[in-house]
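Below is one structure. I have some questions about it.
The first chain written gets the first letter, and so on, giving A, B, C and D; residue counts start at 1 in each chain.
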Amino acid sequence: MRAVEPPGSRIELRVRYAETDQMGRAHHMEYLAWFELGRTELLRSAGVAYAEIEKRGVMLPVAAVEVGYFKGASYDELVGIQTWVSEVRSRTVTFSYVATRAADAQVLATGTTRLVCTDSRGKPIRIPEDVVEVLRALAAAAPTDAPDA
Amino acid sequence: MRAVEPPGSRIELRVRYAETDQMGRAHHMEYLAWFELGRTELLRSAGVAYAEIEKRGVMLPVAAVEVGYFKGASYDELVGIQTWVSEVRSRTVTFSYVATRAADAQVLATGTTRLVCTDSRGKPIRIPEDVVEVLRALAAAAPTDAPDA
Amino acid sequence: MRAVEPPGSRIELRVRYAETDQMGRAHHMEYLAWFELGRTELLRSAGVAYAEIEKRGVMLPVAAVEVGYFKGASYDELVGIQTWVSEVRSRTVTFSYVATRAADAQVLATGTTRLVCTDSRGKPIRIPEDVVEVLRALAAAAPTDAPDA
Amino acid sequence: MRAVEPPGSRIELRVRYAETDQMGRAHHMEYLAWFELGRTELLRSAGVAYAEIEKRGVMLPVAAVEVGYFKGASYDELVGIQTWVSEVRSRTVTFSYVATRAADAQVLATGTTRLVCTDSRGKPIRIPEDVVEVLRALAAAAPTDAPDA
């Protein structure tokens, strides 16, 4: 399987020694941290700093994750994380990801995370208008034939 | 939503300070480490030490995860992880989990992880006969009406 | 080297798979999370809930750590963490730790962490009187010949 | 305190959301993972791939760490890690680090880690000649007035 390159943000990171486990590959939980980096950068590329959203008292906790793992990532390997917005609703937004080995574009994992918008006490609220507009623009730019996680 | 208590293993752990994030709750990736603890203990309760399986050159890397998050877990809270086997095939096994807040049995998250059996080089193989028998016994003991993740 | 058992709190934990690295041992950074668990329990045993201290707007960030590592900890091994208070000053408190393999009491690591008391904006303040009294009582109970980290 | 810039490798990384804790800063244990990234890059800049050393059956586990923390690092902040070799012996090597906030070069933390060379079973051995030569050249390039951790 070759990596798709849908519109969106692509970051690269190196697998940290601390991220490996005794199987000699990055532990499967680390991909969730990598995906989080991916959506931070996707939002930044669209002019939205997630840190600023939180300062307004608006939180986006993760409500659901799905990840499929195809190949392992080794210590010190360069990994690409492609991130795009796959669905926007009034109170939730879903990001999709493909993690690839940079050296040969092999797909390591695909995933989605659904975030729900809440106030600072955890009560679900509508995504602020200026943020939802950016998310909808990002979703419109994403491919309709993106691979499901 | 009240926690179900299907047959299987239940462990308790305290949320570590290092596991919290700036939202003041355990980061969503930590649940994958907790689920891993849960399946280690479920296997131990059935007489199987996962560490011993690996010493035979048999690996069980995670091929897919799904988690739904309902409530956050705070620093120092006791969290229960209920684990059971929900599906066994010749080369894969799926574990299911419910994480609850021990104080009031509220469901924090539910999840599943599908593991694939491989040799030490990552090639998929059949689960060894003695292990698959234990997994099938565990699956038979699990409820048919367990909640989906 | 045999484990010392100074007065203080002792907890046990199992090494998580996610905590191992490709050397097949718990990654050295994990000991800092274990030590944090140790001091949470030491404080609890003395009637102080660290979570409650923070709710009063009093923080205890870590200002310095020292760890010496002697043996590795394997996946699923039981590890004991012995924790005691080794120094109390008006604005700082130092905790000391010995991590041992529970099976044979071999010392895995020793360490110290110095915490500084701050308000919620990070400004150093005196440790609240009721807390400092508990810390001084814990320090008085600790051995004078405890091993240095 | 202003950051020193001794010869050596400097990397930059962004604080991950998953690395923050409920104090709203990167958890103190994360610096050990960052330092590890720093020494991987320092070695790479000198033509040594740590991953290759391990493939020869030579391990460099951490025997001791010391870190002093001066300021917190916030989510999404750029952090610089300056790394150099501060001491080389036949069986051990010590790396030193300064972590700075990239925006204003304020020192966040300083630290050292002493690594001991072992074979694949954990027995201390001499650092291989080709590696020790590189480490000595790096140490010679480091400043004699570098700040102690």
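The rule is simple: contacts are C-beta pairs under 8 Å (C-beta built on N, C-alpha and C of every residue); 3 or more make two chains touch, one makes a residue touch a chain.
Remember, predicted model here, so these are calculated numbers, not experimental data.
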item	value
Chain pair with more C-beta contacts, B-C versus B-D	B-C
From chain C, the most remote chain by mean C-alpha position	A
Between chain D and chain B, distance of the C-alpha-averaged centres to the nearest whole Å	35
Distance from the mean Cα position of chain C to that of chain B, given in whole angstrom	29
Chain B: positions in contact with at least two other chains	17-18, 22-23, 25, 29, 32-33, 75
Contacting residues of chain D [partner chain A, same complex]	14, 16-19, 32-33, 36-37, 40, 49-51, 74-76
In the complex, chain C residues that touch chain D	22-23, 25, 28-30, 32-33, 54, 59, 61-69, 72, 122
Chain B contact footprint on chain D (complex, rising order)	17-18, 20-25, 27, 29, 75
